[in-house]
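In what follows, chain A forms one complex with chain B and a second complex with chain C.
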Partner chain A sequence: MRLLTHNMLSSNIKGVANGFPLKIEVVTVVEKEVEFNIEFLKKMFSKVEWKALAEASRTMGYTELPENADASMLDSDDFLHKFHHALLELHLEEGALVCPETGRKFPVNKGVPNMLLHEDEV
Partner chain B sequence: MWYLCVFYHRLLDYRKPEVESLAQLFGVTSSNSLEWKLPKHHHSDSPFHFVNLPSEQIAQNVANRSILVKGIFELWGEGSSSEELEESIKNYPDERKLPYLTSDSTFKIAVETFGKVISFEEQNKRIQSLSYIPFKGRVSLKNPNHTFWLIETDDYDSNNGLPPIAGRRIFFGREIGAADRKLLPTYQLKSRNFLGPTAMDAEMAFLMANQAQAKAGRLVYDPFVGTGSILVAAAHYGAITMGADIDIRVVRDGRGPDCNVWSNFKQYGLPMPIALLRADNNLPPWRLGLKEVFDAIVCDPPYGVRAGGRKSGGRKLLKGVIGPYTVPDDKRTGHIPSTAPYSLVECVHDLLDLAAKMLVLGGRLVYFYPVVREDESIDTTFPEHPCFKLVATSEQMLSYRYSRVLLTMVKIGPYTEEIALAARIKHLEFKENHLKWLEEGNLHSAVFSPADNHLKQAGDTKISKESKARYRGKYV
Partner chain C sequence: MHSRTAKIALVSSHPEVYEPCDDSFALVDALLADRTNLLQHHPSICMEIGCGSGYVITSLAVMLGHEGFVPYYIATDINRHAIRATRETMDAHGVYTELVNTDITSGLEKRLAGSVDVLVVNPPYVPTPEDEVGCEGITSAWAGGENGRSVIDKILPAADTLLSEKGWLYMVTLTANNPSEICLEMRKKGYASRIILQRSTEEESLHIIKFWRDSDSELELNNLNYWTKLVMN
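What follows is the complex of A and B.
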């Protein structure tokens, strides 16, 4: 699971008001190379919740992202590469996503998060 | 400029929408929109059409990326006899012809027929008869600079599944571009490592990717990803792909380390999906603030004919009256939630709501919609949504009584509060009246119940069915 995916997901358990951002429990992190595409990064920058991304990348052991970011930083090549690396190349292979409100764990195995709810959470 | 567009004689309903969607992808806008025209006496199912496109560059891009275009040609002449053809070619302006006939160029002439076969000697004779065109270049059959086509059709009415054409017609033109169908054997399903029962065949998957206008830098999502067959086509065109499925056996496990969704991309040297997740389309796990992130949503929803849809909350829905099922705390880890059948209506409702919320403006939703055929025609009411405009409907007949229609919808309006509210109410209604919707929206029974019942109900339709013309164009 890449951090782009993490940035899009929330806990959708019935009754949970704010299930975002999910906390990451790391067991294994791998780096997987992804082709660098500036257009895509610029487009995604406006959709991404920056604080959640910066926090998540730190949990995954990558500390290069600044605390805050604004669109003007997209002119910097250095920033774009860091953003690219954090958003698309850090990959949670094994671990879990934890609902911030209830503590329910959504397991991540073989890089695939399991967001399916139990019968009593629907 | 007007071009002659010759199609492969298959998937007839899919041909024009493909050209239209590619034309838009390559720069045709509403102000310089494309137009269609039929040659004289031709039926709309004919492989021959005239298409008006703003530039040769666009025509070439469209043809080369298409799946169903045999060729787009600059027409130099046409006629119903070789004399008429000669006259017509001679009248075509020299300044359009001479640049392609120079002595430093190479060329080849191909002979093509529709609805008849002519021998090799006969073909050569036809080529020789074109000596009135001042070809100066050398012939090169392997890699010519310019390819010319002589295309012939005979007159026939609606026999053998061919469209009715009255009058022989000969076309001569210069090839601008043609579909690269070599990619179909490359991607054919029988070469693929990981397959499921409903994997989308390569040709259809590529047609869907073209309807979705997949290209580099665009994010394409398939909420019923299965073995990834549709996303493979989107990834071929450079799109960044993302998929979800409710079945974890498919999306995570596959059949081993080199036989899973990921390996289906690796096999062709394509970039892997940016994300695969297990999620339920009925209860999508996207965060609230996340909007308009996908450029296209492409999918083949489970209609319940070959694979039934499933959604979360099985036991609760079935035992709803008795009281909800609770998972004991010590069993929570590794618990496999039960699922309930997912009716077609609800599935389509969820899909439209998701697409309305998460597609960018101008983004496309491309999906199959099943229909039961009645009396040789289909019910033409397709799902509607205030955020969407339906731009293409392409039918593929699967059996005597059952078709699937590929719908292409373009997002034209923002997802407003009112629409969100209406969707929430509908969602609850589906939940409360689950069994009712399951029965009403059950295509499975309509397809698999004996056909006789249908005919008896409809009374005299049986007679009209038998007296109908045997033209079966849509079966092609």
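What follows is the complex of A and C.
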């Protein structure tokens, strides 16, 4: 699972008001190279919640992202490459996503988050 | 020439996973027929709900190309075996999709609201007893409850939440699902629709419907009258 997807997931448990961002528990991280595309990054920048991405990438062991970011930084090649790496190339392969409100763990196996709920959570 | 769809020989199979069938082929043919429009549409985020073997989302990724600007592909399925099959099918074709094991798009709706440019769905649409819907394994691949609408009727509001301003939804339906009523429902949410492919097989008559947001009120009225007529007849 890419951090882009982590950035698009929130806890879906009934009654949870603030299910975003999910905390990451890391067991295995893998890196996979992805072709760099500025236009795509610019599109995604407007959708991404920056703080969640920066925090998630730190949890995954990548500490290069600045704490804050704004659109003017998209002019910097250096920034774009770091953003690219954090967003698309770092994968949570094994681990869990943890609901920030209830602590419920959503397992991530073979890179796939399992967001299926138990009957009493729907 | 490069193939423009996934190759059947490379599609992963598993006893618990829906094999590409007439409905899957109809959906992919409809996407292929609309390929020029899809390329011009220049989607940033493409999604499939209920990816099964991965045949449809892989075909979409293959036909839109995987060089230069590659959209973010994300697919869901309630069946974990289907998720694994989709991963294998994608890998065999050298394309990449993010996968989430979930019910419809649960967990993604908040953050992906208004962002999906292309959504494709071949839902479980076969009329069955209600208790077969969403049960473990292969039955949930086709079991659609009353009129085959149980899962479809949950997908439609999710699609409305997820689609971007320019978003398109492609969905497979069966005559028994009452496609004209589905279009009317979507019309009320502000969508225009068109049957872009119709195919009758021995067992069923399939429609692939394309939906898009449409604020042109005149058109809206015309379509509404058109669909109302169809529903009446």
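As a working rule, the second predicted complex is superposed on the first by the 122 of 122 C-alpha atoms of A that agree within 3 Å, B and C clash if a C-alpha of one lies under 4 Å from a C-alpha of the other, contacts with A are read in each partner's own complex, and residues count from 1 in each chain.
Keep this in mind: a residue touches a chain if its C-beta (ideal position, glycine included) is under 8 Å from a C-beta of that chain, and two chains touch if they have at least 3 such contacts.
Just so it is clear, the structure is predicted and the values come from calculations on it, not from any experiment.
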item: Chain C versus chain B on the shared chain A, clash or fit after superposition; value: clash
item: Which of chain B and chain C A:D120 touches, first, second, both or neither; value: first
item: Which of chain B and chain C A:A96 touches, first, second, both or neither; value: neither
item: Touching partner for A:F20 - first (chain B), second (chain C), both, neither; value: both
item: Chain A residues touched by each partner, larger count belonging to chain B or chain C; value: B
item: Partner chain(s) touched by A:M1 [first = chain B, second = chain C, both, neither]; value: both
item: Colliding stretch - chain B into chain C, listed as 114-122, 132-140, 168-176 or 276-284; value: 276-284
item: Common ground on chain A, meaning residues reached by chain C in one complex and by chain B in the other; value: 1-2, 4-5, 7-12, 19-20, 34-35, 37, 39-40, 43-44, 47, 49, 110-117
item: Chain C-touching residues of chain A, taken from the complex the two chains share; value: 1-2, 4-5, 7-12, 19-20, 34-35, 37, 39-40, 43-44, 47, 49, 106, 110-117
item: Chain B-touching residues of chain A, taken from the complex the two chains share; value: 1-2, 4-5, 7-12, 19-21, 32, 34-35, 37, 39-40, 43-44, 47, 49, 88, 105, 109-120, 122
item: Residue ranges of chain C in contact with chain A within the complex; value: 44, 67-72, 74, 78, 80, 83-84, 87, 96, 98-103, 106-108, 110-112, 115
item: Residue ranges of chain B touching chain A (in the complex, touch as defined); value: 216-217, 219, 240, 242, 246, 248, 251-253, 271-272, 274-280, 283-293, 312-316, 324-327, 332-333, 335, 337-338
